[in-house]
Amino acid sequence: MKAGILPLIDRIIECALEEDLGAGDVTTSATVDPSTKGEARLLAKEEILLAGIEIFSRVLNRLDPEITVDYTYHDGDIVPSGREICTVRGSMRGILSGERTALNFLQHLSGIATLTRLYVAKTNPAKVRIVDTRKTTPGLRVLEKYAVRIGGGFNHRFGLFDGILIKDNHIVAAGSISKAVAKVNANAPHTLRIEVEVEDVEGLKEAINAGADAVLLDNMSLEEMRNAVSIAGGRVILEASGGVTLESIEEIAKTGVDMISVGALTHSARSVDISLEVI
Amino acid sequence: MKAGILPLIDRIIECALEEDLGAGDVTTSATVDPSTKGEARLLAKEEILLAGIEIFSRVLNRLDPEITVDYTYHDGDIVPSGREICTVRGSMRGILSGERTALNFLQHLSGIATLTRLYVAKTNPAKVRIVDTRKTTPGLRVLEKYAVRIGGGFNHRFGLFDGILIKDNHIVAAGSISKAVAKVNANAPHTLRIEVEVEDVEGLKEAINAGADAVLLDNMSLEEMRNAVSIAGGRVILEASGGVTLESIEEIAKTGVDMISVGALTHSARSVDISLEVI
Amino acid sequence: MKAGILPLIDRIIECALEEDLGAGDVTTSATVDPSTKGEARLLAKEEILLAGIEIFSRVLNRLDPEITVDYTYHDGDIVPSGREICTVRGSMRGILSGERTALNFLQHLSGIATLTRLYVAKTNPAKVRIVDTRKTTPGLRVLEKYAVRIGGGFNHRFGLFDGILIKDNHIVAAGSISKAVAKVNANAPHTLRIEVEVEDVEGLKEAINAGADAVLLDNMSLEEMRNAVSIAGGRVILEASGGVTLESIEEIAKTGVDMISVGALTHSARSVDISLEVI
Amino acid sequence: MKAGILPLIDRIIECALEEDLGAGDVTTSATVDPSTKGEARLLAKEEILLAGIEIFSRVLNRLDPEITVDYTYHDGDIVPSGREICTVRGSMRGILSGERTALNFLQHLSGIATLTRLYVAKTNPAKVRIVDTRKTTPGLRVLEKYAVRIGGGFNHRFGLFDGILIKDNHIVAAGSISKAVAKVNANAPHTLRIEVEVEDVEGLKEAINAGADAVLLDNMSLEEMRNAVSIAGGRVILEASGGVTLESIEEIAKTGVDMISVGALTHSARSVDISLEVI
Amino acid sequence: MKAGILPLIDRIIECALEEDLGAGDVTTSATVDPSTKGEARLLAKEEILLAGIEIFSRVLNRLDPEITVDYTYHDGDIVPSGREICTVRGSMRGILSGERTALNFLQHLSGIATLTRLYVAKTNPAKVRIVDTRKTTPGLRVLEKYAVRIGGGFNHRFGLFDGILIKDNHIVAAGSISKAVAKVNANAPHTLRIEVEVEDVEGLKEAINAGADAVLLDNMSLEEMRNAVSIAGGRVILEASGGVTLESIEEIAKTGVDMISVGALTHSARSVDISLEVI
Amino acid sequence: MKAGILPLIDRIIECALEEDLGAGDVTTSATVDPSTKGEARLLAKEEILLAGIEIFSRVLNRLDPEITVDYTYHDGDIVPSGREICTVRGSMRGILSGERTALNFLQHLSGIATLTRLYVAKTNPAKVRIVDTRKTTPGLRVLEKYAVRIGGGFNHRFGLFDGILIKDNHIVAAGSISKAVAKVNANAPHTLRIEVEVEDVEGLKEAINAGADAVLLDNMSLEEMRNAVSIAGGRVILEASGGVTLESIEEIAKTGVDMISVGALTHSARSVDISLEVI
């Protein structure tokens, strides 16, 4: 988890609990006494790469600070199917009322980490980075990008404020790639690298000449990407982008690009199967 | 969209924009003049069942109230691949800064609607309802459940506050199904039906005798479900639940249950492909 | 207090303290040293049914987590006039600055519980439920409905989201009672019972035939209510509603209806007299 | 309504709507088409002093800005029983979903204004002010104090931040009335008058000598109050306080005190009867 | 710090941290291990009057509750240049991520206190008060006014709600000073004194006759102020205001006015130099 | 103003108005009728570089959307002393209640812009950038950094999330400059440049060799800076930092560094003198 991120995460958890609990858990209120204590085990129902276990705990603790969680596995661990991830002890009301929200975070984040791992496994991490995009679920970006890192991926910019990516519409508005880069150079903080999205080799050349630090190769063929790598000759960071799948990534990696961005990591990962069983 | 839901949706949009925009869109600020106007088309890159097009507009209008959107398709329409969904006109800054957030909502919600439609298509809607679950993405439930309805599905309870579902742990805490139902009857508002989750036929019988209105058949075999339908004889609503897939749903529907709940509708739908092209 | 309701209550307390304290307690700041400790007793100045004593504590603890409260009575207890409810110990600044806000909650909620008890005492709780309405003070519903339960009453739906109540205007919009019930059946979650508000026996019959689960008898005479009970024959829950008073409730209860809703419980309860005396 | 208060009122309305609407109005969503327009009349079911009619409108407009309200009466008007207060036109969904919340504000505030008027009518406003207290409903103080003004009453301080009231516990902490006044003089802004709560004539004398601007006579007998008026001789503002009722206020006013504070105005006013009827 | 102000301060700190940390501290996350502990000293790089040291701690503790701060100096102490103010121990991540925000508060507030002290030192505090204004930095008023008090100054009203100051435009709207004072007397809470801003001796006389409690002498010459003091003869509090500087304040104080308000205390104090050095 | 920044600015304005207005403007409420309209002129009382005039308008419009502002000058214009900046027309209540908050923003931001201009004027903008720091007023950074740009300065990173600056403590934690740069390279998004803070020429050399993009020269002498420029030879961006004043900046600029960061721009700018005069 990144340094200094706790207050932001607390706000996300607060919203999620408010959404599920609203005016209160009717069923648990009627059937479970406030003084009842209990114990539950969290079980992986399939092999997963665990991400978000501290979020899981934090959700429960927002409802009852005295609930304790003993971890068998931690974020970044691969949990085999059927294994216990952690044990939860404390007020049954807190556990039952928070269970679904806590699990929704954990299953979603572990789903992203588990999927990212599959993409990373197709490539040589020493040579190419798998990076995420801004195609995330609204409101959960900080957690989803964390899950990508747990999965062995890397983060692209977080939002529109911490990275410059000059796209086709910016280029049109500025007049040309060179003019767009010049405008950014003249206005933006020096702490941000300048990346330009190009659709062909001409664009790449213009971007390099304009002084771009990185170039996003948009939907290029393998042939074009290899050509781009050769032209760039290490002068800019090359990012392959566009419709990357588990089937295509291996070949893309071999073209020699520096990074491959994969929207599917965050916008199309399925939730993994984890269940909470009261003992 | 449900009546009275606007203030809640505005809060969700506000959070999503804050997340992506933070201290401002550096690239657009440097390259696009505040006075530049433009026009863009939203294109379906695959066949989709559209859901969330008004959210899409609302996101852009939060950044610039003067942006206008002309709809070719509306929520609930099937948009063939390659077709224009709508046209957007107005300030280029507003369009470019809001584009990704607006699309993230639309692609996510249309993904859920499109997937729901696949499930619904496997069944006879006159006989069985496909319903969602609380396995939603934290913070987006009101929108995701809307997308399920657009897809032809139905909503289960929204949260812990608007539906009673007595699960195994509630039963253990109360002592038995009968005692749990009695406790709920004695405490909960009469406006809520009582649903009991059971794992076998004995549970079903006890639930019916205790006066349950609905019974969730948890992970039962097709055989068990058929048996349950026969036992229930229409006295309770029967909900099939547990690991339902596109492959298994057809057979489940044939057992005669009243509804089938599918967590995957919301926790594992992939985002559909939609792009915004500036003209 | 319902399970999972803590975060919501914290937000209400936060708003209430902000309202009273604004830029700070000028008088206490000038006259009481931050290190001064003290002890105070909470006294019932009349016989009350106590409700909200934990809210009282929670308000003080928001200002100073080290203030302790020792309870002589708990929520649900009848406190005779003149008796000590609890003892408060800790920072005098915290106690004096939080006193009024804490008392405002406690006196208001105990007022509702005490009044509810009077209504309940007029009836046989084994045969008829006294239920609240949505006629609550804006912002305090979750607490006010809790106080009704403490007083021996029951909760009707919390808001527009957790109960279906088809009123005259919905019937007009849908075309008829039957059509309205059919529309609700076709759209709303199965977890919610369907209640219909009717003004006469014809309405009751149509509602029963349409499959309503409950019927609200709006402003009916005792004669009409008795007739309704006879017609319903236990097929639907019958709720009497409209201008119920402490004088009229006994006779209404005798008609055989299942529940009587009383708006006055929450919209017109007077505050009870409780004072905090520093020792 | 006080100048500059709009943003605060908007926050209160937002909270109230969120409370009632949560995840949406299920009944209206199912039975009323989004395009249905309608008209409704607001009727006084008893004689009332109207307060809060603009809040009523504002609530509806938060749900649908196109709803219009034509006023027959305005705040401060006495509306005879049976008369139409205003006409509402616009989207039926907006009207039906916002009706209860809008009415809860209006009935509560008009209840306070109507009760205040009764108290004021017992006295000669040219000679004595009826003032409110901080015994208000948590979260609604700004509106409740507005309703008191509409009813012909006056506001005491709003909270702990805009008025100095030295009570017994402050006196104990400071050592004496004189010391407490001295401390306040030495610390507090000069923009605030200094009021001291006293229980007997000795206290009054000490407060006057210490330079107090106002003195609250706590639970004094009529005899003591007359004595206090005589002793004060106009040098300080005298406020009578403690258990004031509609029965006792007339005699209290005759003692010659400058103001009488009545907690019941805000903590025990019953809601008045107003109904919205769709035409 | 004023009694009851903690929740407000927490909200200010939360906003400040959110502003600086956004999606997380990239540098610290990459270079400092979560388990690394450390110790740092806070050093005064010039002589300062310390104000805000508890805010400094509270910022760090929001990021990590286990960070401890040992104070060598407290608010109100004069810290010589080069001396250690306090020692901080705990998680290096928390210290480094919170350092700048914590220092921004401390340097800003100590700057105000240090400047205030200079103004106060030019006058005889027993005879004249140096008071602040509403010319504060948006969002930080409660802290800035606290720093003024630490510096030996006094607070004027906090905002528009806790003090009456009738300015020229109010006088124009009301018709005359007398009419404005009469209107305020008839409407405003008796807990607030009435101050009138005047530009000449005629205004002063009218204000006194109208019953004002205080008069603000706006931009008067020393001669005029002396005259005003003579005319007032102690009947009203006299406040000198308008372009007061360190050069002019001594002579103004000698005119005999009761208080001098100085906008520069809060709107133009420079930040003092304090640094955090990790040991 | 940066693209997409409106929602953030609205939140800042909302907080500022809440702070000043609290429970309402007592003076204006008592003296100015809600229907009174008026006109006012905003006047520069000294020569200023205008920044924040749209914030000024937006504050007033939050209180009354019908207030109009006609601009004579815009942000970035130099307004001579005595000249009218704009004319404000509309409800006098809105103008008087919002005046101080609106002016506090405008005077503060114009103060920063005016000071920045002085620094920029001492240098050749074609050769060296004057940049701001994170030493801003908590809560106002987005506006203060905007004012710096208006003044001709440039922005450094906004917060800890959109720029990498490896400081001494990060270096200590990582082991060396090389190791710190390597760690950042291995973890941080590629969209961020890597800047290293060094204290001597050895540090500079190590940073360059490690692949830093920029180097901050911390408190170096002019001699050292000249040496650094010579060593760097254009391979990295050089930023001079530490105690820069209007007196020292000219010589620093001549050393050939690329940028000079000046904390005083935001932490010690005095407010400029602007007044609103009602006509």
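Each chain carries a letter (A, B, C, D, E and F) given by its place in the written order, and its residues are counted from 1.
The working rule: a contact is a pair of C-beta atoms (placed from the backbone, for glycine too) under 8 Å apart; a residue touches a chain by one contact, two chains touch by 3 or more.
Quick caveat: nothing in here was measured; it's all calculated off a predicted structure.
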Both-way neighbours, i.e. chains that touch subunit B and touch subunit A: C, D, E, F
Touching both subunit E and subunit F (chains): A, B, C, D
Copies subunit C and subunit D touch via same or different residues, half shared test: same
Centre distance in Å when subunit A and subunit F are each reduced to the mean of their C-alpha atoms: 32
Whole-Å gap separating subunit C and subunit F, where each centre is the average of the chain's CA atoms: 52
Centroid spacing, where centroids are CA-atom means, of subunit B and subunit F in whole angstrom: 44
Junction residues of subunit A, two or more chains touched: 4, 21-26, 28-29, 32, 96-97, 141-142, 158-165, 189, 192
Chain contact graph, described as a line, ring, star, complete graph or other shape: complete
Sites on subunit E touched by subunit C in the complex: 1-8, 141-142, 158-159, 161-162
For the subunit A and subunit D complex, residues of the former touching the latter: 22-23
Subunit F partner contacts - residues on subunit A that touch it in the complex: 4, 129, 131, 154-158, 160-165, 189-193, 195, 213-214, 237, 239, 258-259
Of subunit F, residues touching subunit D in the complex: 14, 17-18, 21-26, 28-29, 32, 34, 62-63, 93-94, 96-98
Subunit C residues touching subunit D - in the complex, by the definition given at the top: 12, 15-16, 19-33, 36, 38, 92, 96-97, 100-101, 103-105, 107-108, 111, 134-142, 158-174, 180, 183-184, 186-189, 192, 263-264, 267-268, 270-271, 278
